[in-house]
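What follows is chain A paired twice: with chain B in the first complex and chain C in the second.
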Partner chain A sequence: MQNAKDTFYITLRTRLATVNPSRTMTLRAVTRPGILVQEAEAPMPQPLLDAFALSWTGLETDLQLSAILAQMTCEIQYSTAGTQTNAGLDRGRALEEMDYEVLKLLYPYSAQKMNYTQNPAVPMETMVFWSEPEFGPIVTLRDRLTRAAKVIVFAYQEQGEQ
Partner chain B sequence: MADLSTQNPCGLAQRVATALLRASGGTTACLQMPPLAGDSTNAGQLGLDAPGFLSLPLSPAVFRKARVSIQGAQLPKYELLISADAVAAQVTQLQLGSAQTLFFMASGVVVAGKLFLIEALSTSESQGAVYLYRLLLQEACGEWPM
Partner chain C sequence: MTTPAITPMPALPPTGRSVRAYFAPVDRVHGLPTLFDPSVNGRFAASTPPEPWIELGWIEDFARKSTSKFGELVTGSPGTTQFQIRETVDATVAFRFKAWSKLSMALAAGSQHMNLIVPAAGGTANGSGSKGVTPVNLATGSTATFLALAASDAAGFSAGSLVTVDVDYAAQTGYVGSGVFAAYVTSASAVNSDPDYIRRVSFNVARVASVSTTGTSTGLQLAQPLIAGVPTATMRVQPISGFVDREGGSFFQEWSALFLIDGEQGERILFHYPRLQSMAGAAESTSALVPPLERIALSASFRALPVTDAIDGEQVVCFRSFLPSPVTLV
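Moving on, here comes the complex of A and B:
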């Protein structure tokens, strides 16, 4: 299941670099596309603004098939306070832009599963699939707008995969 | 209306704060900083590689339990008072724009071999210059030795 989670993140990160190359962040002294896996970074008291944070929540498995099918819930959280140039009054527009980017990042809804524990990464035999996003309501905290989009990620557990 | 009276900051507040922290049992706190050349590989972003944090000492500092009510199922909070002189020295050495950047980059603070997460930062100023930084810390769950 970890390979599916890794593949999902790397796929979205690669697509973000194409969809909006200017959406970058500097984290742990590295400037990279503005998307991160929360469980692979240091805890933050406040979410990073203008970046996408993936957190893995639910897990269900279907054991009735020839290979175990894992259904993992991924929440993509993003916050913005608009831009300094517009004194934050464009925060609604900035959030809408991020909503649209989420849609573009997720399509197409599949990718070849990769094993990133090896270098270079090794393609595996199955694909990772995911659902269309289910957008949650906007949460307003003072000048900050936050939304979470929920995606169900499906992957078969391959032989010998941990 | 602007205050046009002449004020000449002489660093008195900074020196008093440093002396007070040292006299109050000043200790050393170490910021956990990312390595200067970050890990830009996939493994570094997937939690596979060790982050290789650097330990950045700040002293004098005073560490004490914060005066906040502790609620159920929450780890206790602490506060760390750090001399502005110590912070300024590290900001200059790392060629950073501000102390806020320094604390933003840090993934935590180690005091007496225990890791704490930074919850909030506030400052005390005199004549427009910071003389004391106050970090609100929360105990990290990890019990590994630092």
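Moving on, here comes the complex of A and C:
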């Protein structure tokens, strides 16, 4: 299942670099596309602004198939306080922009599963595919607007895969 | 010697998770089904059924129905039923295949199931595929999982492609198809004397794992064994792109079937239908994963046909076996 999670993240990261090249973040002294996996970063007291944070929550499996079908829940959380230039008054617009980017990052709703533990990454046999996003309500905390979009990611376990 | 005594439980209700399906070919020419003997093979490993049974995985919505009719002999006044008679013996079984494959699709469709042969250039469009590319001959040294071809012929295939392997149609009539009787030909004119006809309906198909065009052994390594086993020298190979079935057609698929439910306490329930014929056309049903994603299953329904039980000569259509849990009284 880790290959599926890696594939999903890298796919979204690659797409983000095209959809909005200016959405970047600097984390651990490296500037990169503004998307991260929470479980692969140091704990943060509060989420990074203007970046997408993936967290893996639910897991279900269908064992009554010739290959196990894993069904993993990924929550994409993102927050913004708008821009300083506009004194944060554009935070609604900034969140709408991120909503639209989520839609664009997720489409098409599938990707070739890759094994990123090898360098270069090795294509696997099956496709990872996912649902359309289910957007949660906006949560307001002082000057921040936050939203989470839930996506169900599906992947078949391949032979020899851990 | 005295063995340790067991402390049995009373009989318990079987609790199973789902049903697994296995199918085996019927020799249509001689009317010989594949018989499953539960006294010999009842405890087979679920993922490795005995030859020639083919596992088709978990199925869902499994429903058996006896449609046998009973009559009564009433005498006296007022009339009182004195005897019962079995007027007809009939049974049906229906379920859904979760996975699509050549075999599950053919079983669910019921009639001839065709391979979509890669078309030759300039062919006339046709619903079940147009005239195919020229087949290639097999060289010596083929096995059920390796097709020996001349290097130049092998170069025409690629890893991951699909192939059909069977003999040319040469005016045969009756049942055709290697390994499995895939269709019934009434006359050569009925199939337009198409030399590819048998390869078009054949179950002898496989996916190519790798292609070898150099060295002493050139050909196609298959990712799965051919259902007909080692190919004969007269068989030829054509690439296919997929499968097609039709609503209609005159042929009835007939297969031997075995359904297995493994209980949680080690008990096992087996349903063996020596002869099942499809009794419905192609249909699908869906179940939602996360809307709008949905899984598409093949709906299948069959009528059971009779065989004669060698023990007592009775005509029966189904055998239900129960292998009790090792811990319960019987």
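The rule is short, and it goes like this: the second predicted complex is superposed on the first by the 162 of 162 C-alpha atoms of A that agree within 3 Å, B and C clash if a C-alpha of one lies under 4 Å from a C-alpha of the other, contacts with A are read in each partner's own complex, and residues count from 1 in each chain.
Methods note: a contact is a pair of C-beta atoms (placed from the backbone, for glycine too) under 8 Å apart; a residue touches a chain by one contact, two chains touch by 3 or more.
The structure displayed is predicted, hence computed values, not measured ones.
Student: On the A-aligned overlay, A:I152 touches which partner chain: chain B = first, chain C = second, or both, or neither?
Tutor: Only chain C is touched by A:I152; chain B is not.
Student: Determine, under the contact definition given at the top, whether A:Q71 touches first (chain B), second (chain C), both, or neither.
Tutor: The second partner, chain C, only.
Student: So, A:E60: does it touch chain B (first), chain C (second), both, or neither?
Tutor: neither
Student: For A:D143 in the superposed arrangement: first (chain B), second (chain C), both or neither?
Tutor: neither
Student: Touching A:S131, do we find chain B (first), chain C (second), both, or neither?
Tutor: second
Student: When the two structures are overlaid on chain A, which partner does A:L36 contact: first (chain B), second (chain C), both, or neither?
Tutor: A:L36 contacts chain B only, not chain C.
Student: Could you figure out whether chain B or chain C reaches more residues of chain A?
Tutor: Tallying touched residues of chain A, the top partner is B.
Student: Where on chain A is chain C touching in the complex?
Tutor: Per the stated touch rule, the residues are 64-66, 71, 129, 131-132, 152, 154.
Student: Could you list, by residue number, the parts of chain B that touch chain A in their complex?
Tutor: 34-48, 51, 105, 107-108, 117-120, 140
Student: Quick check: in the complex, which residue numbers of chain C touch chain A?
Tutor: Residues 17-18, 57-58, 98-99, 289-293.
Student: Which of the residues in chain A end up touching chain B in this complex?
Tutor: Checking each residue of chain A against chain B gives 6, 9-10, 13, 28-30, 32, 36-37, 39-40, 42-43, 45, 116-117, 119, 121.
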